[in-house]
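See below for the structure under consideration.
In this document, chain identifiers A, B, C and D correspond to the written order of the chains, with residue numbering beginning at 1 in each.
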Amino acid sequence: MKVGFIGLGRMGAAMAQNLVAAGHEVTVWNRSPDKAGPLVAAGATLAASPVEAAQGEVVMSMLADDHALAAVTFGADGITGGPALHVSHSTIGVAMAERLAAEPGAGGFVSAPVFGRPAAAEAAHLFVVAAGATAHLDRCAPLFEAIGQRTFRVGDTPSAANLVKLSGNFMIMAAVEAMAEAMTLADKGGVDRRTLLDVLTGTLFDAPIYKTYGDFLVEDRFRPAGFTAPLGLKDMGLVDAAATASRVPMPLLGIVRDHLRSAIATEGEDVDWAAAGLAVRRGAGLS
Amino acid sequence: MKVGFIGLGRMGAAMAQNLVAAGHEVTVWNRSPDKAGPLVAAGATLAASPVEAAQGEVVMSMLADDHALAAVTFGADGITGGPALHVSHSTIGVAMAERLAAEPGAGGFVSAPVFGRPAAAEAAHLFVVAAGATAHLDRCAPLFEAIGQRTFRVGDTPSAANLVKLSGNFMIMAAVEAMAEAMTLADKGGVDRRTLLDVLTGTLFDAPIYKTYGDFLVEDRFRPAGFTAPLGLKDMGLVDAAATASRVPMPLLGIVRDHLRSAIATEGEDVDWAAAGLAVRRGAGLS
Amino acid sequence: MKVGFIGLGRMGAAMAQNLVAAGHEVTVWNRSPDKAGPLVAAGATLAASPVEAAQGEVVMSMLADDHALAAVTFGADGITGGPALHVSHSTIGVAMAERLAAEPGAGGFVSAPVFGRPAAAEAAHLFVVAAGATAHLDRCAPLFEAIGQRTFRVGDTPSAANLVKLSGNFMIMAAVEAMAEAMTLADKGGVDRRTLLDVLTGTLFDAPIYKTYGDFLVEDRFRPAGFTAPLGLKDMGLVDAAATASRVPMPLLGIVRDHLRSAIATEGEDVDWAAAGLAVRRGAGLS
Amino acid sequence: MKVGFIGLGRMGAAMAQNLVAAGHEVTVWNRSPDKAGPLVAAGATLAASPVEAAQGEVVMSMLADDHALAAVTFGADGITGGPALHVSHSTIGVAMAERLAAEPGAGGFVSAPVFGRPAAAEAAHLFVVAAGATAHLDRCAPLFEAIGQRTFRVGDTPSAANLVKLSGNFMIMAAVEAMAEAMTLADKGGVDRRTLLDVLTGTLFDAPIYKTYGDFLVEDRFRPAGFTAPLGLKDMGLVDAAATASRVPMPLLGIVRDHLRSAIATEGEDVDWAAAGLAVRRGAGLS
């Protein structure tokens, strides 16, 4: 398929590479064009503007935040100026997704945020959560197959996919908070953190998330960041905005946001978002 | 092996049945002796007092709380009056476990709380978390095999096993809270709770706990209780006591305890502890 | 003094009346010009645009939020098009105050948010918290005297005044939360809420805030709203934005925001922000 | 009046001195009799046991906790062995007060906890919150006048007074938490803590509690402790026990307890309970 890809950060570059590898005809664009080098070497074409990347059947975007996505979407040079179906993979707010659905351009709009850290993107093991018109989702199916291990369709309102994605990110941080509190209690009570984690993941908590993040916490390994604390705080801010709009109290979200702020304040802007767990540990006088 | 079993509630009765089924020579005792009927029918002997059940190699106990366990352990008629190794499966406080380890009776003491709801006890699928002297744990191995699917050894300080067990129960409630907040956000934002749960358990949260409790939450099914909210609140109180003693801030624990109180206040004493999630839902104006 | 006043809601209209009463030559503007009737009757002049009201020495503004203030400030017809010193009394965000200070127009900028509900505005009993250049603050002194009982100068960075104002609003909600929790505990424990409030305000909590809001809570009196819950939630959102920007964990703020959301979800958009306390009460099963 | 006084810590000794100064015939008892020296020098008589101090009309007690009070109350040598009306000033739990009311001894029981730090006790400026039979309260009136500035009667159920006292202590900690969060936000935003405090106490928060504790926070002055963090944590544990018994969610109480634990963990056992505010500050990366 003739497809554009906009946004070549660690996640986006890996996704675009998998599209090329799957045989699609890929045109890429990035604000800093040097990031496109490896993709062009692999056979992709470099576009001069977002709208140029939106001339095919589909154009996929993977940007850092609402603002960056808006910048490549709207305006004369933006995605909406081309005929392609816009598929947004970015983790954006519900309100932004609603705006994108309301002003979709000629080709239509699908929201398809993904779960997975950079290593999963490289391995084409992402989970894709997609929402939009059925015909649009059908058209994207081979593209989602090229970048992920499984696609979930969650309805025809694009922003629903973003709400699910944001909920999932919140759930990850909730699990980090829970583990951090339990590990700190265990540690101060004389039980090794690794021992606790082994029991938890060997019994009721036998899920990837507990193993991945549990290891980070046991080893106090928060650098280099797979996903930085400020980005995590941004995402949790999007969950908070949705909760405010829907009038939903979310006390656990409040804790998570507090601990991300604390982690950034005490550890710096470059730590992984799992360092929220370090705030728990420091609060108990451990270092 | 000649083994006693004290405490024939839903969990204890199922565990004792599995010991009988595994060929052990079992003597049982319960405050209300009528609970022993099915076990006696299956071949167990009924003791007239706890100490009578503590005449074999090992005596296992499964009681409701610290108080009930103390009542069968200490004193002339208590477990510590017999020669058996006392293996405590109850979910008790860390301080109580320390007292039991300090006053073990002639046979010694092992703490071996279990993870699993009544159905898992019946199916001999419990997880056993055991701590105590290695020789003691070795002696108990065939008994643990008869009641559970896997045993974790977490050191030679008995109370360590209780700290792990309490941490695990806290983690369950933390997952319930996280799901309840995410589901409420999704629901008010137009995403079906079942859809959200399917995505979560199909991706990063592929663990039994999310499936079991997720179903309760999606269906608002909190009766009949597998484990009642007041018992859950008692357990979370034990976690809180350990956190106070160790000077560990646990804000997520605070939320969980609040929501258990709220669930009991609004729904009654007989709901499942998962009804803590209902407090989240009601706080957002849903019913 | 020749002074403009923009924004004639309940607060602004009362403040403008007090300026007229103090003998100042007042020109007013409001988006719905009919609100200006009583002021014109009292001797004020009606301007046709914000910039027309900014032709004197000083122009004061009292708008609902950041957005409304930006709309009257910037652009050809806006305040910054005139020669007057702009004094902003609105409760706005720190970032917005920083922008106003950076783009002040010819006359300069002072931030001077106020404490007090509409009745205090009418009685010229507001507290004014002002920040800006000393010469500017000196020039405003007689105006502040006309609308308030006391002025606090908090430095020469205008946004500092907004941070203090937002902190104060947070403190009010914190006191409401504390009283609501204590009253609910007392009530369920058999102690009349009025009795508790009398002891508290007769001893250590002898401050206006506890008397005013304590009465609302004891009497469950949340309508008509002096300050609505959605406006309160908006303000607490501004505090949250400042806390996020400064990386400050504020768990009590999180509770307050949750309870405002809950109050709106269960009681409606028109309740007083003190209804946050009702969320506490309902969570305990009281109605 | 012939009156006994049991418990001569900083608070009790000051109260007993004021009774002597008011002309009452005072018999004192303390576990470490050397503490009684100054009182005996002032004219008090030293008793050899609690029951000896309970031979007059009234015996007042001021002990550290439930356990210490039970030790001097019950048993052959205890207060209940004498004919005196027992007036308990200690900060004890609701359940303990209920037990004291149920087993009052011959003279009856009044609960009369006090508000005020040691300096207030010395100045006879305590606030007395009393509950019990009217005839009993009438008899105590001159004694309460000798130790305090004002007495509040809160009904005829003694434990009601304890619930009010515990609620008040919780309210103090809530105010500390609110100030600490606001001050940290202000500080990181460039507003001096003293400036913020001056505005708050000069406007809506013109109450002794904000001045006293606000000074501690502004100056980071937490030693020597007027009331230590572990004692504060003990009191907040009593509030928590009452909330658990009554099924009342108290999220702000949860925060306060967490921050007291954190303060003790990081600062040591000897800091003032106001150091809970330091936990807020440290969580934001300030020291």
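Definition applied: contacts are C-beta pairs under 8 Å (C-beta built on N, C-alpha and C of every residue); 3 or more make two chains touch, one makes a residue touch a chain.
Just so we're on the same page, UniProt names per chain: A, B, C, D = 6-phosphogluconate dehydrogenase.
Not measured: the values here are computed from a predicted model.
Listing every chain that touches chain B and chain D alike gives A, C.
Contacts with chain A and chain D are shared by B, C.
Averaging C-alpha coordinates per chain and comparing to chain B, the farthest chain turns out to be C.
A separation of 38 Å divides the Cα centre of chain A from that of chain C. Rounded to whole angstrom, the centroid-to-centroid distance between chain C and chain D, based on C-alpha atoms, equals 37 Å. Rounded to whole angstrom units, the spacing between the C-alpha centres of chain B and chain C is 52. For chain D, the set of residues that touch two or more other chains comprises 243, 247-251, 253, 255, 258, 261-262, 265, 279, 283-285. Chain D contributes residues 94, 115, 127, 129, 150, 152, 154-155, 157, 159-160, 163-164, 167-168, 170-172, 174-175, 177-179, 181-182, 184-186, 188-192, 195-196, 198-200, 202-210, 239, 242-243, 246-253, 255, 280, 283-285 to its touches with chain C in the complex.
Residue ranges on chain C touching chain A, taken from their complex, read 233, 237, 240, 243-244, 247-251, 253-255, 257-259, 261-262, 264-265, 279. Residue ranges of chain C in contact with chain B, taken from their complex: 251, 258, 261-262, 265-266, 279, 282-285.
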